[in-house]
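The first chain written gets the first letter, and so on, giving A, B, C, D, E and F; residue counts start at 1 in each chain.
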Amino acid sequence: MKFELENSAEVKDKIRRLGAAILPIGAVEAHGPHLPLGTDNLLAARLADKLAERTDSFVLPTLPYGQVWSLRNFPGSINVSNEALIRLLADIGESLYQQGFRIFIMVNGHLGNAAALKEAARILYERVPALKVFYFFYPGTKEITAEVREASAAHGTYMHADEIETSYMLYLAGEYVDMSKAIDGAPHIPFDADFTPTPWEEMTASAVLGDATLATREKGERIIQRSLDVMAEMVLRAKKAL
Amino acid sequence: MKFELENSAEVKDKIRRLGAAILPIGAVEAHGPHLPLGTDNLLAARLADKLAERTDSFVLPTLPYGQVWSLRNFPGSINVSNEALIRLLADIGESLYQQGFRIFIMVNGHLGNAAALKEAARILYERVPALKVFYFFYPGTKEITAEVREASAAHGTYMHADEIETSYMLYLAGEYVDMSKAIDGAPHIPFDADFTPTPWEEMTASAVLGDATLATREKGERIIQRSLDVMAEMVLRAKKAL
Amino acid sequence: MKFELENSAEVKDKIRRLGAAILPIGAVEAHGPHLPLGTDNLLAARLADKLAERTDSFVLPTLPYGQVWSLRNFPGSINVSNEALIRLLADIGESLYQQGFRIFIMVNGHLGNAAALKEAARILYERVPALKVFYFFYPGTKEITAEVREASAAHGTYMHADEIETSYMLYLAGEYVDMSKAIDGAPHIPFDADFTPTPWEEMTASAVLGDATLATREKGERIIQRSLDVMAEMVLRAKKAL
Amino acid sequence: MKFELENSAEVKDKIRRLGAAILPIGAVEAHGPHLPLGTDNLLAARLADKLAERTDSFVLPTLPYGQVWSLRNFPGSINVSNEALIRLLADIGESLYQQGFRIFIMVNGHLGNAAALKEAARILYERVPALKVFYFFYPGTKEITAEVREASAAHGTYMHADEIETSYMLYLAGEYVDMSKAIDGAPHIPFDADFTPTPWEEMTASAVLGDATLATREKGERIIQRSLDVMAEMVLRAKKAL
Amino acid sequence: MKFELENSAEVKDKIRRLGAAILPIGAVEAHGPHLPLGTDNLLAARLADKLAERTDSFVLPTLPYGQVWSLRNFPGSINVSNEALIRLLADIGESLYQQGFRIFIMVNGHLGNAAALKEAARILYERVPALKVFYFFYPGTKEITAEVREASAAHGTYMHADEIETSYMLYLAGEYVDMSKAIDGAPHIPFDADFTPTPWEEMTASAVLGDATLATREKGERIIQRSLDVMAEMVLRAKKAL
Amino acid sequence: MKFELENSAEVKDKIRRLGAAILPIGAVEAHGPHLPLGTDNLLAARLADKLAERTDSFVLPTLPYGQVWSLRNFPGSINVSNEALIRLLADIGESLYQQGFRIFIMVNGHLGNAAALKEAARILYERVPALKVFYFFYPGTKEITAEVREASAAHGTYMHADEIETSYMLYLAGEYVDMSKAIDGAPHIPFDADFTPTPWEEMTASAVLGDATLATREKGERIIQRSLDVMAEMVLRAKKAL
C-alpha cells in the first residue's frame, strides 16, 4: 500500500485498479512534555495506513510540514505559510491526476492545515474537475468524542495535546507517548481568542489544552474507529461512483 | 537525533546546543524496475542520519516531494513546481532560525531539486543572514565515482537508477533493492537534451540511465563515505564558526 | 459615525479620539426568493452601525464583494477569490494604521469570507503589530440561537437564507424582506459535503437552507443583540487597553 | 436597477434581458474641508444610477476602496494597491460573465484607479473575450469643461476638490457639500510632479487643487449630462451589437 | 558615458561623482512600412545619449522589450506584460541604488510602457526612498508639437509612426527611415477606443496613425530639443538637491 | 538579420521563411580591470550574430540585464531577480510564437542566467508546446577548452574574466579589451562555495577568476567556433524538423 515502495514498472496497473491515493499531512509542532513534536505526522500517517487497508488505496509519503501559526513560538514548532502549502498540495493533486488517480484523499493530523487543504481542494476542482478530492480531519467524531471524554473540552473547535489527542496517540502510536509526563493543562483562553490573531503563548505555557492524564488507548480507539468508518464509507462511495 | 521525536519541553536547550538541523529532501519518482519510487527519499533520509551522527545535528522529517519535471510522465512520478518548493523551503528555513537554529542543511537526494534549493538558500541569505544554509547533493564525489564506476557514465551531470545510484541504495537501503530486476539501460540521449526541455521519455523507456547490474554495496559505501567526509567537514567548520 | 462623510480637515482628531474603524463586509449572493442578493451587505452594514454606536467607533463604507464559491453558480451571485480579498483587506488595514487607527474591526455578514478575513488579520499581525484586528461573524450566538430556533439547523456550521438569517434581516433590514415568498427549503446535504468541494447546487435549488417561514423580527433581535453585546465588550476592552 | 436588491429567483431572466452591469468604483480620500472623504464613491454611485436609467442596465454595489497613492498621507485617505484592485476587478468581471452578463461597465469616480481599471479590462479581454468591458472616468467632457470653467485648471490631467469636482458634487450629491468651507486652493505643483513620484503633500495642504468657491450645481449638471450622453451612446451601441 | 563600457575597477568613483543613471526603454513594435520595428528603442537610446551629455550622467544599456498590447497582433511586435516589466525595472532601480546611484532616469520611447514605469517608480519610492526616480516620455512637448505639426493629430494622447514620431526618427536616427515608403495613414479610431480594450487592428492596417509623409528632420529636432531642455532641467535640479 | 531593423510590412513573410529567432542575453557585471561591465552582453550579441549567419535566423535585440547575485556587490554590477527574468523571457517566447516563430534560441553570455533560462524554457514548453526553445551557454566547448587553456581552471563549472572569457572577448569584441590591465587573479575559493550562498567578494577582490594575461584571440576563436558548430547543428536540425 506504500506508494513509495512500488516500482515504476508495475505501478501503472495498480494505480488504475486502486484509483485512490491518500496523503497524510501533519506538522512539526509543540505537543507538551508527553508527546513528540511529530505527533500530528504520526497520527496522520497511521490513520492513513488504516484507511488504506479498509479502502484498498495507496498511501503516499507523509507531508510533515504544516501551518503552525498559533504555536510557532513554542520550542520545536516549524511553521510554513498557507501559501506555500496550498501551492504544494495543488501541485501534488494535479500530478496524481496525470498519473491516473481519480481520488485524492488528504488525511490531516493538524487542524491548522484545514484552510490550506480546503483551498487546495477548490483549486483542484477547477484545474482537474474529474479528480475527487477529500480533506479529512477526524470526520464524524463529534458525538463519540462527547461520549468518550471525561474532562470538558477547553475549546469548541480545537483540541491539542489533551485527553483526546493523547488518546489518539496511545492508540495509534503509543510507543511515542510518555504518560508519566502527561499533565492537566488548564488553558486560559482569552476572551477574544477566536476573533483576533492570538498566538497560543497567550493562553498556555505547556501547549497542553486539557487534561492529558485522562487519556487512554481505549478512548483513542473508539474515536478513531468511528472516524475510520466515516472516512471509509465516503471513499468507498467515491470509488463506486468512478 | 530525530527532531520529530523530541518534545517541546526539552528541545529548546538541545537546539541551542546542537545549532544545526538537517532536512532530507527527495522525491517520488520512477527509478526503473529494481528500485522503489521513493528511492531519493530513502537515500536522503539515511544519508541525513549518518551526517547527523557525525556532526551532532538534528534530523528533520524528510520532505518527500520534489521537482520531477523530466520524469513526470513515467508511471509513479509525482511532480511539484520549483515555485512551491522554494516557498516551502524558505518558510522552513526561516522558522528554524526563529527556533534558534543557526545552521540549516538540506541533504538532497534528487538532482531535480537543485535549482529550487539554491534559490531558497539565497532567499534565506537575505531574510535571515545569520542562518548558514547548505544544499548538498552528494558533494565531493566526482573523483571517487570515476574511480569506482565500471560502466561509463551516460551523462556528464546526472545519474539515475544506474550503477551509481543503485550502489547508493545497496549501501544505504539495500532491503528495498531487487537486483534480480536490475537492467542495463542504454539511454539514447538526444543530441540537444541539455539545451532544450527534454522529457526523459524521449531517451529511455525504463528510466534506468546506465548499467544497474554493475551496482554493489561496496561501491555505494565508498562514494557515500567520501561524501559524508566532505559534508561533515563543512558542517563542523560552520559549527566552529558560530 | 460614517467615516465616508467626514472631511479631511477635521477627521484627524476624531481618528485619534475614536481609535477604532469598523469595516462591514458582505457579498452579492443568492438568498432565495424572499431575500435580496445583497442580504449579507445589508446585514453587515447595519450591524456595523449598531456596533459603532455602542463603541463610539467609525464605520467604513461596506465592502460588498465576497468569496461566494459555494453559491457562485446560483443566479445573481458574484464571486471573488480569497486571494483578491486577502490582499485588499490587508491593504485597507495597513492604510488604517497609517491613518492613526489602532483597532480594525471586520464585521462580516458572509461566512464564505471567514478564511480570507482570518488570513488578512494574520498578515496585519506581522506587518503592523500595533494594530488590533477583529474578525466577527455573529460571535457569541451559539446558545441564544439554539434557544430561539424552532426548526432544527440544516448544518452544524452554516445557515443561509433560513429561519435564522431571515430573522436577522427582519430585524435589521426588514424593508427588504418579502415574507410572502419565504419557503421551507429542505436541503439534501450530501454525505461528504464538508469534506470535498461541494457547490450548493448539489444540495438545494432555492439556496434556502432551512425553514424561512419561521423567521420573525423578534428572533432576529434577540440573537443580534446578544452578538452586539459580545462584540461591544471585546471592542471596548481593546479600546481600554490602548 | 439595483442589482443588490434583486432576488435570485427572478434575476436570471433580467440579466439576460438587460445584459449590462455597471460597477461604480471610487475611493475614500481627502477632498478638502468642504467635501466628504467619500466624494468619489458618491459621484460614482450616482452617476452610475443615471447611466443605468438611460441604458436599462443593472447597477452593482459601489466598490468604495481605491488606489490613493498621491493623497494617502492626508487625513482620512485609505489606500489600496493596484495589485489588489486589479485582481478584485478581474474576479468580479469574470463572475459577471459566468452570470450571463455580456457588458461590464466600470464607472470610476477616482482618477487614481484608472491604471488598475485598464489593466483589469485587458485581463478580462483575454479570459472572457465575449465580455465587453468599459472603464469610464467622465468621458467626453474635455470641451464642455473648458467652456464651463471660470478658473484655469491647476493641471492638465487631473482635477481634485476644485471648481469642477465640487460642481459635480453640487449636482449629484449636493446634500454632502458645505460650500461655506469651500476655499480657493492654490496648489504649488512642483516642476517635475508628472515625472517622478510626488505625494500631494508636496503641492497642497488642503487637497483642494483649484478654486472650489466657483463651483455651482449648473456647471456640474452641464458637464455630467454631457458625459452621460457620451457613456450612454457607447453602452447602447454595445447593447445593439450583442 | 556608456555605463556598459566602463570597467569595475574605475567605475565606483564615477558613480559617486555622476550620481545619475539613464535607462533607455523602448519596444519592438510595428511602425509602418517606413520605420523599423526597433524605432522606440532607437529613439530612447539616442535621446538618452543626448540627455547624458547635457547632464553628465551614465547611460545604461537599452531595455528593448516593452508592453505592446495594442499592436501585439501586428507583424513584428513583441509584447511583454506590465507585470514582468514592473518587476524588472524595480530590480534594476534597487540595484542601481545599492551601487551608489541616487538618481534613476527612465527615458521611455514607447507610450505603452508608461503605466509600468510609473508603478515601478512608486515601488522604488517605498523600497529605496533616497533614490530619485524619473519616468520621461518626451516631457514638455505639447505646445511645441502643436506649433510644429501640419496635419492634425489623430488622437489626443498618442502618436504613432506619424508626422511627429517619424520626424523624431529623421532627427535622431535618420539612417533607419525610408521616407519613400512613408504613407498618410488615416486611422479610423472607433468611438469607444479610449474606454474599452481596443487592439489597433480595429483602427488601422498600417499602424501609421497620421501623415508620415509630412515628417522632417527639422520638426523632429525642434521638439526633441525642447524635450531635452525640460528633462535636463529636471535632472540638473535633482543633482543639485543631492 | 537584425529583427529590430525590419519593418512590419515585410517582416511577416520573413518570419515564416526563417522560423527562428535568437535572443542574446547577458548582464551588466564586474569583469575585472581589463574588461567592460557589458562583457556578457557584447559576447552574447556577437555570438548571436554569427549563429544567425550560419543558420539563417533573426537576431533580436540583446536583453542586457541578468541575474548577478554572486557579483552584485562589485562596483558596476546590476542585478535582477530570477523571478523577473523568468517572466520576461516567458512573455517574449510566447509573443514570438504568436508572431509565427517556431524556434526560439536564447544565446546566453552570463552563467548566472542559466537557471532562469531553463525555467522559462519549461514554462514555454507548457504554454506553447509547438515552440522549440534552446538555451545556450557556450555548448560543446568542454574538450576544446581543456585543450586550449594554459592555466588550470579555477573552478569546475564557471569561468569569469579569466584566460577563457578574455579570449572570447579578444576574438568577438577585441576593441573593448585592455590587455595592459589584464591580471592573474588567484581566487581563494572557499571550501564550501558550491554548497552555500557565497558572494564572490569572499573569494576575489578583482572578479578575475584566473590568469587573464594568457588570453589570446586565437584561443577565443577556436572555442567559439567549436561552440558555433555545435549550436548551428542543433538549430539546423530543429529547422529541418519543422
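Worth pointing out:
Keep in mind that, in the parts below, a contact is a pair of C-beta atoms (placed from the backbone, for glycine too) under 8 Å apart; a residue touches a chain by one contact, two chains touch by 3 or more.
Please read all numbers here as calculations on a predicted model, not as lab measurements.
The fewest steps needed to get from subunit C to subunit F, moving only between touching chains, is 3.
Hopping across touching chains, the smallest step count from subunit A to subunit D is 2. Mean C-alpha position of subunit B lies 49 Å from that of subunit C.
A separation of 27 Å divides the Cα centre of subunit A from that of subunit B. If each chain is reduced to the centroid of its CA atoms, subunit B and subunit D end up 56 Å from each other.
If the chains shown are joined wherever they touch, the resulting network closes on itself as one ring, and no chain has more or fewer than two partners. Starting at subunit A and stepping first to subunit C, the touching chains follow one another round the ring as A, C, D, E, F, B. Subunit E makes touch with subunit D in their complex at residues 69, 82, 115, 118-119, 121-122, 124-125, 132-136, 139, 142, 156, 191-192, 194-197, 233-234, 237-238. Residue ranges of subunit F in contact with subunit E, taken from their complex: 2-12, 15, 28, 30-38, 41, 60-65, 68, 72-81, 83-85, 87-88, 90-92, 95-96, 98-99, 176, 178, 181, 206-207.
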